[in-house]
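In the two complexes below, subunit A is the common chain; its partner is subunit B in one and subunit C in the other.
Let's turn to the complex of A and B:
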């Protein structure tokens, strides 16, 4: 689906941001890009979405070279980008116009457009009563949803979300991540998130790409990448506390790569030979994958 | 990777960190701005202003500003020319007192067209002076220059914050364009009118983001105890670390005084002797001769 070959990017001020990144992301994956500030996460995500042209190397998305001329319309149908700050991507004075902006640019007929707007708004949790509201008067969480709905309206196969949980409380963060997970599991989208939130990565991402100074430091299933704390330390990333705790208890027979509290509790209960006292509703990783991401997580 | 940044981000683009301009103190660079941008106000002779434009272009090249960056202003130069010469053509003034020139099926009048040319040369010279300054200086350089000159804290801080906001405004503009592109907007396929409409669309996010940021900055300043007088809220005197960190050397004072002195000399000569009057322009004499020959 996405192929980056020896990708390098240098900002106009000469700052090198990416240096020889080569990777492939298959359709139906849920990928997290992690790394310290300035590691090149957002630059890589923007290069993958065709918003930045590589200085060297190339990116091919669904057979389209992102640097080729006149491919933008075809490219946005394949890959959509949700910016970190929703305020940068809300240009219209009504929520409805905002969501229909992309399809309009792509020449989707008005009647069809209306159906698309209503459908994606429902998926994103944007109520029709808000359609005539000005997007800037909505809460940040809702603005983020409108931004995601606006991207979804183009129906891209891949959705890149830059910092989906920044500035949101725990509940809103979980809502956004559950929403992205539904898109991944139920609608078969490929999801790429850029984030600093390791518990979120542990709970939701299937694959982790850790960047350090513009290069790929680690790339693999989340469990495997988080099992290498010394490697991750190079990019100032620490696995979630629960994983570190599990690692510390590994000597007691607990599996060392638990990613969530639920997994660790199950392990402790197993080792202790008892039963869980309370059944906890589980989110994210614990739900059995039913969508296209299922095979890759196995 | 991880190597030092090799360019500095200025208000109008990038300049190499080792640009020769950075050998001079920000005060000297500000004096150059005054010389190049204000002197043309006292010069009517187009040859001199055209000479100043050439000098400025030379300084841009010497300062290692990418000429591609300068080329972006060509549409602006053309637009200003259309506007100024258009006004001179459409509203020349009292026609009976003017010299008509019939050409390409229309009647032009020499005096307003010549004055449009004189004013255009002056305006472009001033504009290039400002382009040079803002292409080679960061908002911080302006703050250092103002503080070094003893400009009151509130004035220098507001000026620097305004410049920083302008830079952020342009960054936001870039991101918003990227976001539009990400939503399938093909700029190349749009007509001029559609592109113009697009600018009204930019105002929605640009102003919303700018207003939110202004609110945040004012709260941050308040939280840090800043006051208009520059004195700490609890009394006493604030350490002026900018002056301590960027001392003005004798060479910088010499350059600054030289440039401001040159400006003062031009202004004085212009007012007292009229030596820079357009009536003394050799180019005007040639054009007048050509008009008379028709």
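Let's turn to the complex of A and C:
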């Protein structure tokens, strides 16, 4: 679905942000981009979404080279980008106009447009009572839902969300992540998130791409990437606390790559209770109150 | 025991609001304590901090009942300049408080405002910038540095005023992991070396719980729970339900406690957790 080849990007002042990134993301993946600030996460995400034009190399999304001329209209239907700060994206004075802006621009007829707006608003948890509100008077969580709804309204296959949980409390973070998981699982969207919240990554992402100084430092299933703390330390990312405990207790027979609180508690109970170790990874359970997430399918 | 902050049945309603943002809140914070304030967004955490800083009721319109005292004196009757010196406040979004062209001027601005003698200014700036690890940023423009650096500059400008109470309102919510660690380090040295009264409002409980003498849960305009961190986090599910994510290590042992496998105090750090778990597994004769 997405292919980046020897991707490099320099900001106009010469600062290199990406330096030879090659990767493929298949349709239907749930990917987290992690790394220190300045590692290139957001730059990579913006290049993938065609918002930045690579200095070298290329990005192909669903067969379209993002740097080609006249492809924007086709590209926005393949990949949508939700900014970290919803206020960088929202500009209409009514929630309804904000959500219908994309389809309107793409020439979707009015009646069809209304159906799309209502549907994506429902999916994103934006109640119709809010349609005539000014987005700026909504809470940050709701503004972000409006931003996601307006991205969804264009029906992109791939949805990129930059820092979906920043500034939100844990309950709200779970709500956003559960929502993205539904889009991923039930509607088949490819989800790419940029985040610093490692417990969130552990609970939801199938695959982790760790960046360091514009290069890919690690790329693989979440469980495998978090099992390499020394590698991650290069980009100052600490894997979730649970993974550190699990490694320390591996000598007693606790599986060293436990990812979530639930998994680790089950492991300690199993080992302390004297059950025999199971070699096959069990389907991961989520922390309460998170519902089923990525690990079950990993 | 000298109390830094006493909040007594304090209620506050913003103009045009349908209900009180704070409802009969009572809280006592001894001088030198480190307090971590947690709770869902919009619960009233920031409003409570504004009441301690005196922005409520001095600069914000609204209706209040009850009293807030800082070092024994009611905030409502305190002189604004005295309060400005006594209570330092750092907001979550540092950009919101920058006005100067260089980092040094930014720090200087506050000092001149409260009338610190010129002879003392250089030393104050040096001390604050060393503590916050920004000495090499002093001649840079505040808009041209990273988010984590901005937050440290904001803390430096407040610390330079030598406040007796420091309030940090979501100091790490906008910055990256390395930047967060540095803020936590700064808080650690304020606690250890200066015994400053520090109040931190944060969602990142894992980073601050090990420093906290006391954790306060604000929910729905009230203080719903208050206690030492080792007992505060024992009901993991209900905390998660109100948007608070206890440190994972604490969650693990709270759950083991409930299943009858663990009886000791709840660990707050990796090291404590590793040690407690090792003892537990050794006790079960499982260490190979």
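Keep in mind that, in the parts below, the second predicted complex is superposed on the first by the 273 of 298 C-alpha atoms of A that agree within 3 Å, B and C clash if a C-alpha of one lies under 4 Å from a C-alpha of the other, contacts with A are read in each partner's own complex, and residues count from 1 in each chain.
Here is the rule we go by: a residue touches a chain if its C-beta (ideal position, glycine included) is under 8 Å from a C-beta of that chain, and two chains touch if they have at least 3 such contacts.
All values derive from a computational prediction rather than experimental measurement.
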Between subunit B (first) and subunit C (second), which does A:127 come into contact with in this model arrangement: first, second, both, or neither? neither
Does subunit B (first) or subunit C (second) touch A:254, or do both, or does neither? second
First (subunit B), second (subunit C), both or neither touched by A:106: first
Tell me which partner A:87 touches in the superposition: subunit B (first), subunit C (second), both or neither. first
Shared subunit A surface residues [contacts with subunit B and with subunit C]: none
Subunit A to subunit B touching residues, read off their complex: 12-16, 19, 46, 49, 51, 70, 72-73, 76-77, 80-81, 83, 85, 87-93, 101-102, 105-106, 136, 150-151, 154, 213-215
Which residues of subunit A touch subunit C once you look at their complex with the stated criterion? 36-38, 139-141, 166-172, 196, 199, 236-238, 240-242, 244-245, 248-249, 251-254, 261, 264-265, 268-269, 271-274, 287-289
Could you list, by residue number, the parts of subunit B that touch subunit A in their complex? 1-3, 5-9, 13-14, 16, 172, 175-176, 178-186, 188, 201-202, 204-205, 208-209, 212
Where on subunit C is subunit A touching in the complex? 39-42, 92, 146-148, 170, 173-179, 181, 203, 206, 236-237, 240-245, 247-249, 251-252, 255-256, 259, 261, 270, 273-274, 277-278, 280-282, 284, 286-288
